[in-house]
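Look for chain A in each of the two complexes below; its partner is chain B in the first and chain C in the second.
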Partner chain A sequence: MTHLTVDGVTKIFGDPDKDGVVAVDDLDIDVEDGEFLVLLGPSGCGKTTTLRMIGGLETPTSGEIRFDDVVVNDIKARNRDVAMVFQDFALYPHMTVRENLGFGLKREDNGMSTADVNERVEEVATMLEIEQLLNNKPAQLSGGQKQRVALGRAIIREPRLFLFDEPLANLDAKLRKTMRTEIDELQSEVGITSAYVTHNQEEAMTIADKIAVLNDGALQQLGRPEEVFNEPANLFVAQFVGSPDMNIYDGVVEEAADGVRVELDGVSFELPSDALDSEVPPGGVNVGFRPQDFYQTGKRRADGLTFDVDIRVIEPVGTKAIVHGDGPMGDVTAEIGEFHGLSAGDTLSLSIAPEHVYLFDAETEALRKGRRIENRASVQSQSQSSESDGVEI
Partner chain B sequence: MSYSKQARGSFESVSERIPEGVKVYLPILPVTALVGLFILYPIAQAIYSSFFNKDLLAPSEAEFIGLANYAEIWSNPTIHQVLWNTLIWVVVGSSAAIVLGFLMGWLLHEKLPYTSVASAIVLIPWVLPRVVGASIWQFMFGGSQGIINELLVQLGVIDEYIVMLGSTELSLWPPIIGMIWRLAPLFALLTLTSLQGIDEHLYEAARMDGATPWEQFRFITIPMMRYNLAIGFLLMLIYNIRNFSMIWVMTKGGPGVSSSTLPVMIYRTAFVDFDVGLASALSLILFIVLLVFSYYYIQVYDQVRGDV
Partner chain C sequence: MAAQDPDPTAEFRRNESWLFDTTAGAYVRKTAVALLTLVVFAFVLFPLYWMVVTAFKTTAEIQQIPPTVFPNDFSLEGFRLVVESSIQAGGYTSLFANLFGWQASSAIDIDILSLVLNSLKVAIGAGAIALVFGTAASYVLSRRDFAGKNALMSIFLASLMFPGTAIMVPEWELVSALGLFNTHLVLIFIYGAMTAPFVVWLMKGFFDDFPDSIIEASRIDQCSSIETFWYVIVPMARNSLIASFIFAFLLAWNELVFALTLLDNSRYTVPPGLLTFVQGFNTQWNVVAAASIIISLPVLLGLAYIQRYFVQGLTGGAIKG
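Now for the complex of A and B:
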C-alpha cells in the first residue's frame, strides 16, 4: 500500500551541460494508494524512463521520487520492493515456471522455507490458472501463458508497487483485450498501487484510474480517463486520445448575441453561452470534432453545426462505420451507426451539438472549450428525434 | 513427350533392378568413400600398425609383436613422464586459459570502450600463424637475450639470467605460457559473445526481484552461459591436448622428454626414432582420449541446439 509521488523529476541522458538528451522534463505525478496510473504517450515521450525511475532501474537527474513520503532516489531497485512486468516478459529462460515465480521470494529476507515458497508459488499459479505449467520452461509456453507467469512473478511478492512496461504489446489483439481485463481485475483485487506504460490510448482509457499524458518528456495532462477525453488540456492530448483521431480545423471566434460565433472555412456556427464553461475570447482557434460526436441529420439547427460531406470511403466496423469524406471545411472523419445503403460518392449530412465542440487556442494550443457531458442525454434524444423525423439521407 | 517417357522408362527399369536395401545407400556413397579413404582407413592402418614392430625406413620388414607396444607404454618410465607432462599441460593450460579468457571477455563486455576494436586486438594471438607466435615466445624466453629473464631480474625475482628452455625442471612451463597466450583470447571471445547474448531485461527483472550483483551473476549470467562455457572448456582441453607447434618450435620437447607431451612424443617416435609401431600405439591412446572429449563436445552442442 503505497502513495507514490513523482516530484519535479528530470532525467537527462548524457552530459546535461553539453549534448544531453532530456528524456523527462520536470515531471509531477501523484498516485494515491491503490490507484492505477497509466503513463500514456507516443514513442520517446519519456513514459518508460519515468517507469524505470520509479522502479530504480534509472536514477533521476534531479527531483524526487517518494513512496509514502520517503524519498527513494538512492534506494537500489532490489531494495525498493517494487515488481515490474516487462514488455518481452523477461522470464528467466533457464528456470522452470516454478523457479521463475519463486525467484523473488527466495531473494527476500522473509524467513520463508522452501516449502513455504512452494506453497505460495502454487497459490499464485492456481490464481492465474497456470498450475499445470509449473514444471515447464518459458520456451514451452504460449505468449498468453508467458504473460501470466510474468504477472505471477510480480504479484507473488505482494510488492508495494506494480510497474507494467507495455505488458500487452507482444500479444495478439484478442489476447490483449482478455489480459487487459485480467490485469485490471487482478489489480483491483490485490489493491496495489500500479503504474502502467502504454502508447495505446484505448488500453489507457479502459484500464486507468488516472492517466498521465506525456509528450517530449513533459506532462501534458494528469486526470481521470473521462477528463482526458472530454477536457483535454491541449491540442496534443485531444489528438492523442480517442480513435479515430479528432477532426481539427483552423477557425476564428467572433462575438455573437448569445455566446460566440465560430467561423470555419466555408461554414460557421454559433455556440450559445450555456454551452460554454468559460468565456472564449475572440481570435484564432483550432476547432475539434470527435468522429463519434457527429450524428446524421438532414435538418439544419439554429445552434451547432450541420454540413454536407461527400463520402470518399466507408469502413464498416460491425454495427458502425467510419466514414472519410470531404466537408466544406476540409477532410472529415465520422463514426456513424446507420450506414446501410451508403456508398462512396454519396452525400451525407452530419450535425454536431454545441456541447461537443472542442476549441483550442490557435497560439498556445491550450483548451478553450471542452466537451460537456451533462447535456449528452438531451443531445442524444435530439439526434434520435431528428432521425425519426423521417429525413432521407 | 514420347522421348521423356522412354527415358523415364529406361531409368525405372534400371532402378527396379537394384534392390531397395542397396538403393538407399547409393546417394551417400561418394561421401562414404571419401570418409573411408581419408579418415577410416588411416585409423584402421594405425590400429593395425600398433601390433607390429615396424621401422619407418623398412616398413616391409614389419614383424608382428602383438601387444608388445602397449606393454612398452605400460612399463616405460619415459613414456610415463610424457603422459604426466600431458596431464599437467592440459590441466594447467586449460584452466589458466579459461580463467584468463573469462576475465578478458568479461572486461571487454563490462568495462572497456570500443568493444569491437578491443576484441579484434585481443584476437591477434589466435589469428597469428602458430609458428610465428611460438617463435616470438621462444625468443622472449631465450636464456641469454630473452626479455623475460630481463624482466624477472628487474623485478627482483631472480638475481641473474637463467636457462629456461634448456632446463629439465623448467622447460615444460614456457610452452604452457605460450599456449595460454594463444588460447585465452579464444575463450575471451566466446565469453564476450555469450555475455552479449544475454538479454539485459533478465538482469533488470532480477534486480526488481531483489537479486544482488552476485546473485545476478550466480543465477542469471552463469546459467545462461553454461553451454557456451562447457563448449569452451572442451575446446580448451582438445586444443591443449593435441597441441604440437608451440612445444616443437620452443623446445622440440626437450631437453630429454622434459617438455614433451603426447603429440610431440608421437612425432619423435615416428619420425626421429622411426618406430612406427610404438608411435601408432601412442596415437591410439591420444585418439581415445580425444574421442571421449569430442563425444561430450557433441553432446553439449546438441543440447544447446535443442534448448534454443
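Now for the complex of A and C:
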C-alpha cells in the first residue's frame, strides 16, 4: 500500500546538452493508496519510460519519484519492493512455473522456508487457476497461461506497487478482454497501488481509476476515465480516447441571442447558454462530435444540429453499425443502431444534441466545451437503447 | 465438347510431370535420394571403418595385396600390443608380474593412458580459458556500444581464418621469451587463444537474442547482479556454453602441430603420441589403429551424451519462453 508521487520528472536519453532525446518531460502524477493508474498514449509518448522509472529500471534525469513521500530516485529496482508484469511476460524459460513463481520470494530476505514458499506458490496458483501447470516450463504454456504466471509472479510477493507494461499486448483479442477483467478484479482484491501502461484507450477506460494521457513525453490530462472521455483537456486527448475516432471540423463561434452560434462548412447550429459550462469567446474553434453521439434524426429528440450524410461504407458490428459518409462539413463517422435498411449511396439524416458537442480552441487546442457529465446515465444507455428509441416514435 | 474432354480435372493437370506427380516417380526420387545419402555416408565413414578393421587384422593381412575389406583372421594383437606398451611405459610391469604372474614386454614404449591424461588436461584447460574469456568478451560486445566494436569483431573473425601454423614463428619467439617450452600450460594458452574468437561469436549470438526483460524481471525479483548472472543467465546460456566448450575442447584434443613442436615426447598429447606409433617401414598399422580406437572411445562416448546440448547451443534454440 503505497502513495506514489511522480514529481516534475524528466528523462532525457543521450546527452541532455546536445542531441539528447526527451522521453518524459516534467511529469507530475499523483496516485493514491490502492488506486489503479493507467498511463495512456501513442507509441513513443514516454509512458513505458515513466513506468520503468517508477520501477527503478531507469533513473530520472531530473525530478523526484516518491513512495509514501520518501524519495526513491537512487533506490535500486531490487530494493524498491515493486512487482512488474512485462509485455513479453519475461518468464524464466529454464524454470518451471513453480520455480518462476517462487523465485522472487526465495531471493527476498523474508525468513521463509522452502515449505512456506511452496505453500504461498500453491495459494497464488489456485487463485489464478494455474495449479495444474506448476511443473510445466514456460515453453509448454499458452499465451494466456504465461500471462497468468507473470501475474502470479507479481502478486505473490505482495509488493508495494504493481507495474504493468502493456501486459495484454501479446494476447489475442478475446483473451485480452478476459485478462483485463481479471487484472481489474485482482487489483481490487489485493488493493495494491498499480500503474499500468497501454496504448489501448478501451483497455484504459475499462480498467483505470485514473488515467494519465501522455503525448511526446508531456502529460496531457490526468483524470478519471469519464473525465478524460467527457472533458478531454485538449484536442489530442479527445481524438485519442474513444473509438471510432471523434469527428473534428474547423468552425467559427459567433455570439447569438442565447449562447453562441457555431458555423461549420455548410451547416451551423446554436448552443444555448445552458449547454455551456463556461463562456465561449467568439473566434476559430475545432468542433468535435463523437460517432456514438449521433442519432438518426427524429429518433431521440427534436433539437440540435441536423444534417444529411451520403453513406460511403457501412461496417456492421452486431447490433450497431459504423457508418462512414460525406456530410456538408466533410467526412462523417457515426455509430447508429438501425442500419438494416441502409446501404452505400443512401442518404442518412443525422442529429446531435447541443450538450454532446465538443469545442476546442483553434489556436491552443484546449477544451472550450465538453460533453455534459450530468447526463451520463442517459448518455450511457443511448447505444443500448436504440431499439426502444425506435419504439418511441 | 464435354464428351471429347472426359477428364474434368484436365485443367488442373497441365503442369503435371511423371517424376513429381506419380507414385512411381515418387519411388524413383526417394531411391535416388537414398542412394546419394548412402554414397555420402560411405564417403564420410569409410576412413573410420578402415581404422576399425585394420585394428583387428594381423600385420601380415594388412600388408596383403589386394587388401581385404573384412579381416579374414580376426586378431586382437594390435590391442594387446597397445595395452602391453602402456603397462610397460607406465612402469606397471612389476605390478602385473606380481599380481598375475604375467610379464609385459613390448618393443613399443608408449603409455596411452598418460597421453589421454595429458590431452584431457590441455583440452579442459583450453576449453575453460576460451569459455571464460570468450563469454566475458561476448557479453560486453553484445551489450555495450563503444568505438571500434565492429573492427574488433572483424579482427576476431579474421583470426579464425588464419591457419595456426602461420603464426608459428612469432609464437615460438613468445614461448621462448616466456620460457614455457615443453609445458602443457603453453598449449592451454595457445589453444584457448585460438578458440576464444569462435566462442565470442557464438556467445555474442546468444547474448544478442537474450531478452532484456528477463534480466529486468530478475532485478525486480530482487536479484543482485551476481544472482541474476548465476540463477538466470548461466542456466539459460547452458547449451551455448556447452557448445563453446566442446568446440574448444575438440580443437585442443585434435591439434597436432603445436603439440608436436612445443613438447618433447615425455609430455606428448594424443595426436603427436599417436604419431610416434608410426615408425617408418616398421609401422605396425594394427597397433596404430587399435591405439586410435582406444583413445577415441572416451571422447566419443562423452560427446554422444552431450551432443543434444551441442546442437541446441549451435542453433541458438536456447531461449524460448
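The rule is short, and it goes like this: the second predicted complex is superposed on the first by the 367 of 393 C-alpha atoms of A that agree within 3 Å, B and C clash if a C-alpha of one lies under 4 Å from a C-alpha of the other, contacts with A are read in each partner's own complex, and residues count from 1 in each chain.
We take it that contacts are C-beta pairs under 8 Å (C-beta built on N, C-alpha and C of every residue); 3 or more make two chains touch, one makes a residue touch a chain.
Not measured: the values here are computed from a predicted model.
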Joint occupancy of chain A by chain B and chain C, clash or fit: clash
Partner chain(s) touched by A:P138 [first = chain B, second = chain C, both, neither]: second
Which of chain B and chain C A:L175 touches, first, second, both or neither: neither
Contacts of A:I12 with chain B and chain C, given as first, second, both or neither: neither
Partner chain(s) touched by A:A362 [first = chain B, second = chain C, both, neither]: neither
Doubly contacted residues of chain A, that is, touched by chain B and again by chain C: 55-57, 76-79, 82-84, 86, 88, 90-95, 103-104, 107-108, 139, 153
Chain A to chain C touching residues, read off their complex: 55-57, 76-79, 82-84, 86-95, 103-104, 107-108, 138-139, 146, 153
Parts of chain B lying in touch with chain A, wherever the complex brings them together: 199, 201-202, 204-212, 215, 219-220, 223-224, 226, 307
Chain A residues touching chain B - in the complex, by the definition given at the top: 55-57, 76-79, 81-84, 86, 88, 90-95, 103-104, 107-108, 139, 153, 157, 163
Chain C residues touching chain A - in the complex, by the definition given at the top: 211, 213-214, 216-224, 227, 231-232, 235-236, 238, 319-321
